[in-house]
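Listed next: structures, encoded as structure tokens.
Presented sequentially are two complexes of subunit A, the first with subunit B as partner and the second with subunit C.
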Partner chain A sequence: MSSVTSHRLRRRLLKVGHVIGLFIAMAIICLPGFWIVLSSLRPTVEIMAKPPVWVPESLSLDAYRAMFSGVGQGGIPVWDYFRNSLIISITSTVIALMIGMSGGYAFARYRFKGKSAIFLGFMLTRAVPGIALSLPLFMIYARTGIIDTHFSMILTYVALNVPFTIWLIDGFFRQVPKDLAEAAQIDGCTRWQAFWQVEFPLAGPGIASAGIFAFLTSWNEYALASQITRSVNSKTLPVGLLDYTAEFTIDWRGMCALAVVMIVPALTLTFIIQKHLVSGLTFGAVKG
Partner chain B sequence: MAPVTLRKLVKRYGALEVVHGIDLEVKDREFIALVGPSGCGKSTTLRMIAGLEDISGGEIEIGDRVVNDLPPRARNISMVFQSYALYPHMTVAENMGFSLKIAGQSADEIRKRVVEAAAILDLGPLLERRPSQLSGGQRQRVAMGRAIVRNPDVFLFDEPLSNLDAKLRTQVRTEIKRLHAKVKSTMIYVTHDQVEAMTLSDRIVIMRDGYIEQIGTPEEVFQRPASKFVAGFIGSPPMNLEDAVVDNGRLMFAGGQSLPVPPRFLEKVTTGQKVTFGIRPDDVYPTGHGLHSGDASAVHAMALPVVITEPLGNETLVFITFTGRDWVSRMLNPRPLKTGETVEMSFDLSQAHLFDAATGVSLR
Partner chain C sequence: MKNFKLSAPTLLLLPAIVVLAAVIVLPLLFSFYSSFTPFRLTKPDTLWLFVGFRNYITALTSVDFWIAFGRTVLLLTIALNAEMLLGLGLAMLVNKATMGQRVLRTLMLFPMMFSPVLVGFQFKFMFNDNVGFVNNALQSLGITDRAIPWLIDGNLALFSIIVAEIWSSTSVFAILILAGLLAMPKDPVEAAHVDGCTPWQTFRYVTWPYLMPFAYIAMTIRSLDVARAYDIVKIMTDGGPAKRTELLWTLIGRTAYSDARMGLANAMAYIAILLSILFTVYFFRKLAAARQQIGAEW
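Up next, the complex of A and B:
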């Protein structure tokens, strides 16, 4: 009897310890994000204070108000930046996904000459640090006259994301048994229908994760964008952050507010798509 | 109504030829099994019939159409895969109705036909489940249900029982046989298991290295194997096969032991000819413990030592030493035998076979 009680007690203690451990880990992970949100709501004096002020004395939405109040009144063209970011990220994600799906499917299903060499080649492009490309890209885009356009940014981000989307989607298509597409063809599908009716839904979670990844990469990318975008024509939100730095001052509060504006859509999108990331969907397709 | 005809069917992968111009006529409503060891080309042949593999040469006819260049969907066939290949994102009912949905049938019609097919296979209570919630046997039944719903001319089975455990295998085997009786379609069944082939089919096609070794009813291939290969492949335990040289009406084995040439082969062999002698375990038995032979004069008795016994209850497999190696014999109404004990063995030579030692072809 007493051994049962002590066993129970130990299990309860372990559980409590587990929860506390998780809480601490999560707190450490979330703290920077929380600090950004907090900083966007408090006066600069408090942000810069040493030692740090942990409990804010006053909170206000002034930074947000100022940000949206337009150029010349302490604001920045945030709507333009937002629109640019959205257009560039979504378009480049869609294109990278389409190429990634075609390429990933080809790598997963077909045999062709130089397959592994091409695959390795794609992976090697990831080994080049992006920033090293900024000057060559700047020169090429400047010469061809596409600098500071949505097109140039989309092109850059597609090139950046395609190797990864191909690699990720290839892995997911590999998990879909070949038999399923064959069964679908016997059931009356064309090759094309078999893909959309059977293979695509089953690789869906993988394609969705590749999509999130590609979107977030484009949404958050700064190094290349800071070189290639020159004006409100194409400046994205991360580049827009720099608008808060002046020669002698940095408006930390405004910067944090813009960072929050950037984080919110990305977070929302991830939450929406995350629901579809049900893994193990192919379980039960074949064998026992 | 759909006979299936293969004419000089060839399959090549680059320079490698894996099916060498085979001919086969499957009659309408016939159940035919393609059987052979792995790599013999049986699955490739089936996949060519299904349209999943291109044909490198020859012709395939289903019904009265040459289907060489038709895609799988235009051949009006159904296939049951070894892996079941159920669509995991659909329920059982959706799996079964998928082909009708693609064909643009109305929801009512689909429902009706799915329920009909489900009734044949007792799948009614499972219709709303997903494949992941089914056992192996149930999945295999759903795969068959999906095949039935299409009402195809030809059913193709690609080793459908390989992933099931022994007990389920027998059960589903019976179910397939019952299915054939009910739906009366042409069925082509690929397996490496000769027992499945024997129990299910009207005719068996034995394949080896991309050639057809023999086509015949289960009785034919069992009783009159065309070659040494067929003789060794069909039957369990396999036929005892041993090389010998003919010498004045006797078969001289390597160890110096001999047997008379089986009576029906006396005219067909000459002294000095190299042959392979074959006899099934059923036709070698401890005297008094075998099947009655039609021809008592052809039974040759010999005292031989027992190596080991495998009791199976109603019968015992007795391994005896003869010609320097183990021969299997089947003892009916078994009595206990001890290892090392010498027993009189009867060789029923009227049931024995002789094959050409070099080519393996039967000398019948």
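Up next, the complex of A and C:
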């Protein structure tokens, strides 16, 4: 009898422990982001207050208004950075997707000599730390005069994204049964038509998520951008944020607002792809 | 014109190979060459001077370099192990949850959306000794009444960086291990239960081998971007205070751009590249082995 009650007690304790554990873990995960958003909305006086003010008394969008009206506070031209980031990320994503699709298709559908060696070689190019790559790129771009242009950044990000895009797209094409395209070819499609009308639509969501992943990489990249971009011509948001923090007058509220501006597109896009991302990455885990 | 037609896969792979060759392989060859010259940005002529292994010897005999090297390896070891354990724990917690699992999974992804620069910034803000959340909380709770100099004291700064690094990357492990847990067949666990295994034995000998490939995928992905730590360190402490948080990558950046000693920096960069390639190949191999192991059982 007592063993039954003790067993029941233990189970209940375990359950409570589980809920508490989950709660703490989620709190730690969410808190920093929440704190940034909150700080961007409250007046600077409250951020600086000693003893600290925990419950905000007034919230306003002043920081955002200041940032986007002309040259923002602290002389950070947020609009220019935003535009540069957008142009560079979108263009490089589109190009990386096209290259990644043809490469991923080759890996998924053909057998050829040295396949796994080439695949590993592609992956190894990603192992080169950004800062190590930035040295020769800086020298070469400076020589050829394309430093501090959108073109040089796009070129760099395409190369940065291609290996990973190929990995993901390869996985998604493998999930599309080969028979479907073959059936289409028997029905009179050319291989090209079979690809666009059968395989591409089926792998579509996966390809889209690979695209979003590439976009995020470009959107967030810092190590290379910090050296290759030199002025408002091509500086991206991460570089802008660091410029901001390096200034002497520390405007925490403004910086938090800039951080929020950076995170919002990333947040939205990651929500869209979360399902495909995991399935794409783990596909090779058990069926390689 | 016969035999001129390239085979289909070659043609399809060509654009990828061209881009990677142009933007990554060729520049790396160039920097490999320049690592044998005393090249300085301020003196372009020095690019044509050949000095053999002098840069490598300078790098390998410099104390700063080895300290940064050791600190990088230490940081990676601590961070990767902690991320692995915490990720595993988090994945198990979420997997056990009976309701709201979708919401929990989405929340779990949250740190993945933050770029390293943002992670660095947010922890710089949180750990700020004056207005930071951590000190404010500690003071409000009455645990301490003085401001702890999180980013100003050398050891604490390294600790703060490791915290930031773990926060940002645990979810990579958690999400992949969770995918493994969800994909796992239920029968072996039940069989182990019937055979009288303790929960620990079930986990150690049944669940864990199944999760291995997923953990190694996470490791491979992480080892591909270990250099992400550069962004975090750069924004949080910039290698300071007094070089106490200098990592290989910040040291390279400083040597190249602040001291303008490109040749030496390239030599150091090669050692760093070697390090990350070793990591990648190691985990890639482990992945293949773990995959084979369960492949035989499935």
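Methods note: the second predicted complex is superposed on the first by the 224 of 288 C-alpha atoms of A that agree within 3 Å, B and C clash if a C-alpha of one lies under 4 Å from a C-alpha of the other, contacts with A are read in each partner's own complex, and residues count from 1 in each chain.
By our rule, a residue touches a chain if its C-beta (ideal position, glycine included) is under 8 Å from a C-beta of that chain, and two chains touch if they have at least 3 such contacts.
Quick caveat: nothing in here was measured; it's all calculated off a predicted structure.
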Partner chain(s) touched by A:Val198 [first = subunit B, second = subunit C, both, neither]: first
Contacts of A:Pro52 with subunit B and subunit C, given as first, second, both or neither: second
Which of subunit B and subunit C A:Leu180 touches, first, second, both or neither: first
First (subunit B), second (subunit C), both or neither touched by A:Pro77: neither
Chain touching more of subunit A, residue-wise (subunit B, subunit C): C
Touching partner for A:Gly188 - first (subunit B), second (subunit C), both, neither: first
Subunit A positions touched by subunit B in one structure and by subunit C in the second: 281-282, 284-286, 288
Interface residues, subunit B side, partner subunit A - complex: 50-52, 71-73, 77-79, 81, 83-89, 98-99, 102-103, 130-136, 139, 146, 150, 163-164
For the subunit A and subunit B complex, residues of the former touching the latter: 177, 179-180, 182-191, 193, 197-198, 201-202, 281-288
Subunit A - residues contacting subunit C, complex: 18, 21-22, 25-26, 28-33, 35-36, 39, 47-48, 51-52, 54, 98-100, 102-103, 105-106, 110, 112, 118, 120, 122-140, 155-156, 158-159, 162-163, 166, 216, 219-223, 226-227, 238, 241-242, 245, 252, 255-256, 259, 262-263, 266-267, 270-271, 274, 278-279, 281-282, 284-286, 288
Sites on subunit C touched by subunit A in the complex: 7-10, 12-13, 15-16, 19-20, 22-25, 27-28, 30-31, 34, 89-90, 93-94, 96-97, 104-118, 121-126, 130-131, 133, 136, 139-140, 167, 171, 175-176, 179-180, 183, 213-214, 217, 221, 223-227, 230-231, 234-235, 249, 252-253, 256-257, 262, 265-266, 269-270, 272-273, 276-277, 279-281, 284, 287-288, 291, 294-295, 298
